[in-house]
Structures are given as C-alpha cells and as structure tokens.
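Each chain carries a letter (A, B, C and D) given by its place in the written order, and its residues are counted from 1.
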Amino acid sequence: MKTAAMIQTYPADITLDRELLARAIDALITCSQACTACADACLSEEMVADLRTCIRTNLDCADSCGATARILSRHTGYDADLTRAHLEACIAACRACGDQCEQHAGMHEHCRVCAEACRSCEEACGELLTSIA
Amino acid sequence: MKTAAMIQTYPADITLDRELLARAIDALITCSQACTACADACLSEEMVADLRTCIRTNLDCADSCGATARILSRHTGYDADLTRAHLEACIAACRACGDQCEQHAGMHEHCRVCAEACRSCEEACGELLTSIA
Amino acid sequence: MKTAAMIQTYPADITLDRELLARAIDALITCSQACTACADACLSEEMVADLRTCIRTNLDCADSCGATARILSRHTGYDADLTRAHLEACIAACRACGDQCEQHAGMHEHCRVCAEACRSCEEACGELLTSIA
Amino acid sequence: MKTAAMIQTYPADITLDRELLARAIDALITCSQACTACADACLSEEMVADLRTCIRTNLDCADSCGATARILSRHTGYDADLTRAHLEACIAACRACGDQCEQHAGMHEHCRVCAEACRSCEEACGELLTSIA
C-alpha cells in the first residue's frame, strides 16, 4: 500500500496524526476487501442459509469501510465533525461484522480471517477517533 | 427509480416504515449523483481555487450517501444501531455539503441544484432516523 | 433525480449527447440500487442455495453500474476511450445480471423487477455507446 | 492486506491463478487509495487550475479500481467474460491516470507516487488478463 507515502506528499497541513491516519486507512481498505471476500465465501458454503446475517453484515462493513477510507484519504477542507461521525459509524459496522464472523470462526476459516480484519480495523479507527476527540 | 417496487418484493418482514425508507434511499442516490456532478462542475469553473472545500465536501457526501443507500437497501439481518449510526454520519455529510454549496448557489447553478439535493436528503434521512429512535 | 438538471449546469462543453447521457446515468443508478436490493432479497429466500450465482451477479452489476454512473457524471477532461471501455464492461454486467434474474422472474418478483432495471440499463448504455462510436 | 489469506480460505474452486489474482486485487486497492489521495493533493496545490484533468482521471481511476477489486474478490458463479471486460476497462483507466500523473511527476511528489501505483496496477491486471485470455 502507498497510504503512508501519499500522506507524506500532501502539499498542505494535515490536522490528524499521520501515523494513526495511515494505519486507519490501511486497516479500512484491508477490512473492506476481506469483508467482500468473506461474503462471497459464505455464499459458497453448503450451509449458506445459516450465514445470511453474516453475509449481510459483511456487505455493510465493506461499504462502510470503503467510504470511510476515501473520506480519510482527503485532507483538503478538513471537517472534524464529519470525520468523527464516519469513524463512529464505521466502528459500529466493524464491531457488528467482527461479532458475526467470530461466531463462525471455528467452522469457517474465511470468517476467522475476516473477524481479525474487522477487529484490527475497529481498533485502528478507535485510536484515530480518540486522537481527535 | 425502482426503489419502492423493490421494497414491495422483499420476501420477509421489513422493520422500517417502507415509505420513509424508499424516500430516503431515493434521496440518497439522487444526492450522491448530484454531488459527484457538482464536484466535477466546480472543477471546471474558472475560480476552481476558491471551490476546493466545496469539491472536497461534495466528494465526501457522494461517498457517504452511496454507502448509506446500499446499507438501507438491505433488510436481511437488520441492525437498528448500524442503520442509525450511518444515517447520522450521512446527515452530517449532507448538512456540510448543503452549507458549502449554498454559499455559491447565487453564483453557480450547479451548487444551487446540489444544495437542494443535499437538503432533501438530509430531511429524508432525518425523518427515517426519527422513526427508528 | 437531478441528473438532467446537473448536466444543464455544467459550465463547459459536454461532448456527449446530453439526453442520452442523462438517461444512461439515471438507468445506471436505478440498476445499481435494484441489484443491491435484489441480492439482499435473494439472500432472504428459502431457496437461497439455488440463488448463489444470481446474488453474485447482482453484486457485480451493482458495483459496475455504480462506478460507471460516477464516471459518466464527470465531463472535465473527457476521454472517449475510457468512457467506451467502462460502458462496454457495464453492458456486459447488466446483460449477465438480466439473464440471471430473468431465469427466476416467474418465481421471484424481485428478480423480475431487477431484470427490468438491468435491461433498461443495458439499452440506455448501449445507445450512449453507439452515439460515441 | 488479507487478500491472499482470504483467497486460501475460499471453500470452492477458483478458476483464476491465485497468485496473479491476489497480486491484482492488492494492486487495485492500493491504486484506488493512491488515486483518491492524489486527487485531493492536486486539489490543494496552488496550481490546481492546471491539474483539472489529472484530478478527474484520478477520480475515475479510483472508482474503476474499486469496482474491479470487488468483482475480482468474488469467485462464486465466475464469469470469464465479465472479468475480462472489467479488467480491460480498469487497465484503460490506470493507463490514462498513469499518463496524466507522470506529466506532473517531476513537480508533484504525489503524482509520482500515484503514477507508480497506476503502472503497477496496470501491469498486475494485464498479467491476470493474459492468464485468462
């Protein structure tokens, strides 16, 4: 990923801590990809009917992380309230998806890996949020 | 748009008010498109240097509305907390973008039309949020 | 939708036919929403295991239409080759999804409505593509 | 990123070469983030008026790479034609954006880093495309 490198090249000031920011963006795009893949892996499981909620939560989390990664990648005209609100919503999505995937982590390896991605993302976004508040 | 028709065909219960839901989704995808187009129209203005914050807020609002429209389009495994958090974040994005665009509404017709889309979206999402809380 | 209104306010020349363009963008965002909703409706069907391919194609079509709608909403620095390549890919996604949904249209009303959205989108994008080529 | 790990956990066959696939997805999400950040960095440059086409191409490339990364992350109900069409469109977007950014690479470090991301992505997608054709 080029996230940290891109942050270093931004031609104006960045209000947020650059290291926490890069870590959060990296965790968000990792989580978005893992959730997209986990939804698809769940869809191919024989027991797909038992994984409906997991698939739905995966899809929501992928969308939420994707949008938040883009918003955090912009620094021009920074708005702390907007950043905070989107981090909070995204943390809720990661927590819900991590909880869902964890329930099937012993049975489905993709849910185990995806739960890890969700927990890391929740944590990285939480640390960034704490640094703003 | 087929939003209301698709809601009617959902094979299980939907917790949210179907009319408020359809109105919110329609407003969200309308706003997402208007913001994408407004960012591009601002970019082509001679005074683009004065429209940086407007462009940035447009892009954020487009992403936030796009993700929220998708999340609201799913009803399986409904999670009220997730819905609420994303509506709140999206309302903040619409308000910020509406405020930005309104400042240039007298000068740039695209900002006037986009501000309308943002206000409608903020209102439709606000009504849906009130119905959940 | 504000698509046609936003096109009218663009401050520079637009190479494409404005009416065909507005129709294509409207069809794309309608189709993207319908496909997102159809994937979720399929997920809630008792026979979800028989709808795996339909769900996957729905999700792809939603993503392809969403990206193409954004690309067509930008006119600054227009690049005919880029526009053409994305229209072609999106038409392929709409055709595949329309074919899938049509197979279940008699059984699942959401697939019937979604197939309509896919066919309309394929047609609107095809007309725009023809006007460029 | 968890891309390779997620591919290993997919419960059914994957038609594509797993290594080429993981490399393409990683390059796509890296490029999508770099392009989003580059658009924003260009927007903050004093000479933003000279970077309009670069910003527009960045935004298109971010959208195209984002959608293609999601499509490649799904293996259920694989459709070679769809995959090919989206890889081709995305390669065109990466090439256009790489060309744009390269023109300003000597002047703007963000364009230099972003051009690298575009070239890597074009190459990784090209190799995957060759392996399908």
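Note that in this section a residue touches a chain if its C-beta (ideal position, glycine included) is under 8 Å from a C-beta of that chain, and two chains touch if they have at least 3 such contacts.
All values derive from a computational prediction rather than experimental measurement.
A.B. asks: Going by average Cα coordinates, which chain is farthest removed from chain C?
C.D. replies: A
A.B. asks: Taking contacts as defined above, which has more of them, A-D or C-D?
C.D. replies: A-D
A.B. asks: Approximately how many whole Å separate the CA-defined centres of chain B and chain D?
C.D. replies: 27
A.B. asks: In whole angstrom, how far does the Cα centroid of chain C sit from the Cα centroid of chain D?
C.D. replies: Once rounded, the distance between the two centres reads 21 Å.
A.B. asks: Hunt down the residues of chain C that sit against at least two other chains at once, touch-wise.
C.D. replies: 40, 43-44, 52, 55-56, 59, 66, 70, 74, 76
A.B. asks: Touch graph of the chains shown: is it line, ring, star, complete or other?
C.D. replies: complete
A.B. asks: Which residues of chain A touch chain B in the complex?
C.D. replies: Within the complex, chain A touches chain B at residues 52-57, 59-60, 63-64, 66-67, 70-71, 74, 76-77, 79, 81-82, 85-86, 88-89, 92-93, 96.
A.B. asks: What part of chain D is in contact with chain B in the complex they form?
C.D. replies: 39-40, 43-44, 46, 48-49, 52, 55-56, 59
A.B. asks: With touch defined as at the start, can you tell me which chain A residues reach chain D in the complex?
C.D. replies: Checking each residue of chain A against chain D gives 1-3, 5-12, 25, 29-30, 32-34, 36-38, 40-41, 43-45, 62, 66, 69-70, 73-76, 108-110, 112-114, 116-117.
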